[in-house]
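Let me begin by presenting the structure, written as structure tokens, before commenting on it.
Order of writing sets the chain letters: A, B and C. Residues in each chain are counted from 1.
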Amino acid sequence: MEIVMASLVAFLFLVPFLTRDRYLLHILILSNVMAILAVSWNLVAGYLGQLNLAHAIFYGLGAYASGYAFKLFRLPPLIGIFASGVVAIIAALVVGIPCFRLKGHYFAIATLASSQIFYAATGALSKITGGEEGISGIKPLLKSLIANYYLFLILMIATVFTIYMILRSRLGLIIRSVREDELLSEASGLDTMKYKILALCISAFIAGIIGSVNCYYQSIVTPDTLSISLTFGIVAMVIVGGFGTLVGPVIGAYLLTFIAEYLYFILQFRLIIFSLLIIFIILFSPKGFLDLIVRGMESIFGPKMEAAKMELGEDDVSES
Amino acid sequence: MFLRVESLTKHFGGLSAISEVNFELSEGDMLGVMGPNGAGKTTLINLLSGFLMPDEGNIFLGGENLVGLKPHRIVQKGIARTFQQVRKFSNLTVFENLKVACKVEGASEKDLFPGSTEKRILEILKFVNLYRKRDVVSTSLPFDDLKRLEIGRALATSPVLLMLDEPVSGLTLEETDGFIDLIRKINSYGVTIIVIEHVMRALMNISRRIIVLDGGRKISEGTPKEVSRDQKVIEVYLGEMAERYA
Amino acid sequence: MGVVQVIVSGLIVGGLYAVVATGLSLTWGVMNIVNVSHGAFYMIGSFITYSLYMKLGVNPFLSFLLTLLIIFAVGLVAEKTLIHPVRKSGENVVLITFALAIFLEEVARITWGLIYRTTAPYFKGTIDVFGIILDWQRVGTFCIGILVLIIFNMFLKKTKIGKATRMVEQDEEVAMLLGINVDRIYLITFAIGACLAASAASLLAPLYLIYPSMGWTPLLFSFSIVVLGGMGSMKGTIYAGFLFGVISLLTTYFISSGWVNVIPFTILVLVLLVKPSGLFGREA
């Protein structure tokens, strides 16, 4: 399985040499942005077991922070990116500390409600935030499309690697233990609140950073970076790709981004398709699309897939 | 005094789950807690481990009042507990189950199982007889191994006081004897123990002293022999038996 | 005088908030699920009323009833196909109702488009109460809303199904042992919850703009109200609904309408921080 992964990654590195299609490169960049959002969301959703429906907020605030850093303060991009990360962490604290007092699915809707505060603020503070039109005219980090392509690809790989290292660390073990049995974790001497918040902050930080970098790439920041439909898109990608797996969210992100962008003649139906897809998956295969594929392959190829499953880092998330 | 519990009281709505309970423990004691169903035994452990806040009363561990501390803080102070309904981290291996409970820095030389985290866990696993199954995912463990895992996990937190909630319930006679030896051994290393049990054989054999609860109140206290002769205790248990066989 | 007027108007609209929130509180309390599509049912209710009243010329009263009927049916189908299979996992219910909400929003967008719509008033004219000028539309809407709550309350207390529902809310296992068909109760509860949302939507159609993504605000308002009033307390929900109405309108009056969403949610966050069980709620 590792060979398959490695060759896919290598292939992605070679893409700019294989094609001149600027649109394709742009879509792949978008896929990587979504992949980073999906993987970072999955740390809290799949591995910690908490449905944070405010994830888009961390991304959007990161984007706006960089937007301001450039437009208002004329700060260099590196500081802008750093500021975005900090802003995202602060937002994670503001959202997490009250919301984690609720458990499970109540936490989910609490985060959804909290996210509305920020979304509504962009409207209410439209003089500062630029309202519907947002902030525009931000100078890009890198000029060439190809350079940007590699930047986002590297960031995506770095994100996956970071999450992988976290999962292997003591923090990762603690996060998984909280998901399995929060009460038992407390009884084992762990301050579960602290670790939940920590996981959320890490997740938010990554989202904020990519929001920032994307802001420089797009040269514009709009309120839809904070929208519920963006969060929904992220959720869809992780469900499709596979909750609680390391690589699943990436696959889900690529898949759904390509579907959304290339089937542009049905662009207006894409959210309907996503929502039906999610409903289908939750009803029939809660572990995700990836699991469906793995199980399908298992029936054809047999036990070899057990080893593959373990290398994918699949952690059995018993959702149902 | 190592542990001093004063006037501990807890109500649930109109019900008094625990009412003015007092007792003391010296370091190294082995205290048994018995009483009919609903007497408040598990509530007592929940109060001592911080999962419930008492309405009145104090809990002193070596002079420090533990009331109001969150459960993880109490564990860090050295009080560990097991659960009546066996709990585990399902998708983690036996080894990982213990690793979660271990303090980061490992344990000092004074500890029951000193050394680095890795070494400690393996020692504890050997001690509770789960060494060979250390890489097995905990969901596939048989019942008695899960009971061992509970104890192992509690030991991993380096406790000075270990509270066991029905550690041998559901075990065969042979397994029960094994556990009795295990618990005695833990105590022989200096860990203070509180045991709640229904299985009289275990309770009488482990405890040096026993307190008896009924309806949230302490109705008797003494050595196992004294308690088993106490008229009040007999009545309460006869009463329960009468109810059961009525 | 202006402030008193605002407060009274706030109480009036608060009554309708209470209706919507009660719908959410119902599914929350009885089924132990968070219905993320609650706002979507509200939104669809608005659109159906709009189409019936404005496009087909059906009289308002009939439109209201038909809306309820349609939403009830949709609610039944949704519960049977989507909620029932995944009821055991709260997280899956959140995800599936989230998907349903997005689905309904898109259906609305494709069917009716993105234009902001509104309906003509049901009642005309104004009334002067102790110097406060109120329009009949608001007063009439409020009265019907209160009527809905009263009927609902009677349903819970007097009818067999209502009593069974309350029993399920108390303790599902005991209810099952008593021979109550819990699945059927859940089915009806979900549909009624959706109906409550739609009834408020239908009544408020002349007063607020109707557009596909309008559902999120009622959902999150309802959530805030239920948390504020105390989860598991219908009485608390109603009081909190009124409170929210007043706070919302005071916010609009003193600050601006842009902040209307921010203030209530800030209150929610504060409540969660200080007393998660709400004003009237039982300890979690």
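The rule is short, and it goes like this: a residue touches a chain if its C-beta (ideal position, glycine included) is under 8 Å from a C-beta of that chain, and two chains touch if they have at least 3 such contacts.
Small disclaimer: the values here were computed from a predicted structure and weren't measured.
> When all chain pairs are ranked by how many C-beta pairs they have in contact, which pair ranks first?
A-C
> If we define chain centres by averaging CA atoms, which chain lands farthest from chain C? Would you check?
The chain lying farthest from chain C is B.
> State, to the nearest whole Å, the distance from the C-alpha centre of chain A to the C-alpha centre of chain C.
32
> Provide the C-alpha centroid distance between chain B and chain C, rounded to the nearest whole angstrom.
48
> Measure off the straight-line distance from the CA centroid of chain A to the CA centroid of chain B, and report it in whole Å.
About 43 Å, centre to centre.
> Considering chain C alone, which of its residues make contact with at least two other chains?
Within chain C, no residue contacts more than one other chain.
> Please output the residue numbers of chain A that touch at least 2 other chains, ranges allowed.
Residue numbers touching two or more other chains: none in chain A.
> Can you list the chain B residues in contact with two or more other chains?
none
> With touch defined as at the start, can you tell me which chain C residues reach chain A in the complex?
33-34, 36, 82, 85-86, 88-96, 98-100, 102-103, 105-107, 110, 216-217, 219-220, 223-224, 227, 256, 258-262, 265-266, 268-270, 272-273, 276
> Using the touch rule from the top, collect the residues of chain A that touch chain B in their complex.
Contact set of chain A toward chain B: 170, 173-174, 176-177, 180-181, 183-192, 315-316, 318.
> What residues on chain B touch chain A, complex-wise?
49, 51, 70-73, 75-76, 80-81, 83, 87-92, 96, 99-101, 103-104, 153, 156-157
> Under the touch definition given earlier, write down the residues of chain A that touch chain C in their complex.
The contact residues of chain A facing chain C are 49, 51, 53, 94, 97-99, 101-102, 104-106, 108-110, 112-114, 116-117, 119-121, 123-126, 228-229, 232, 235-236, 239, 268-269, 271-272, 274-276, 278-279, 282-283, 286, 319-320.
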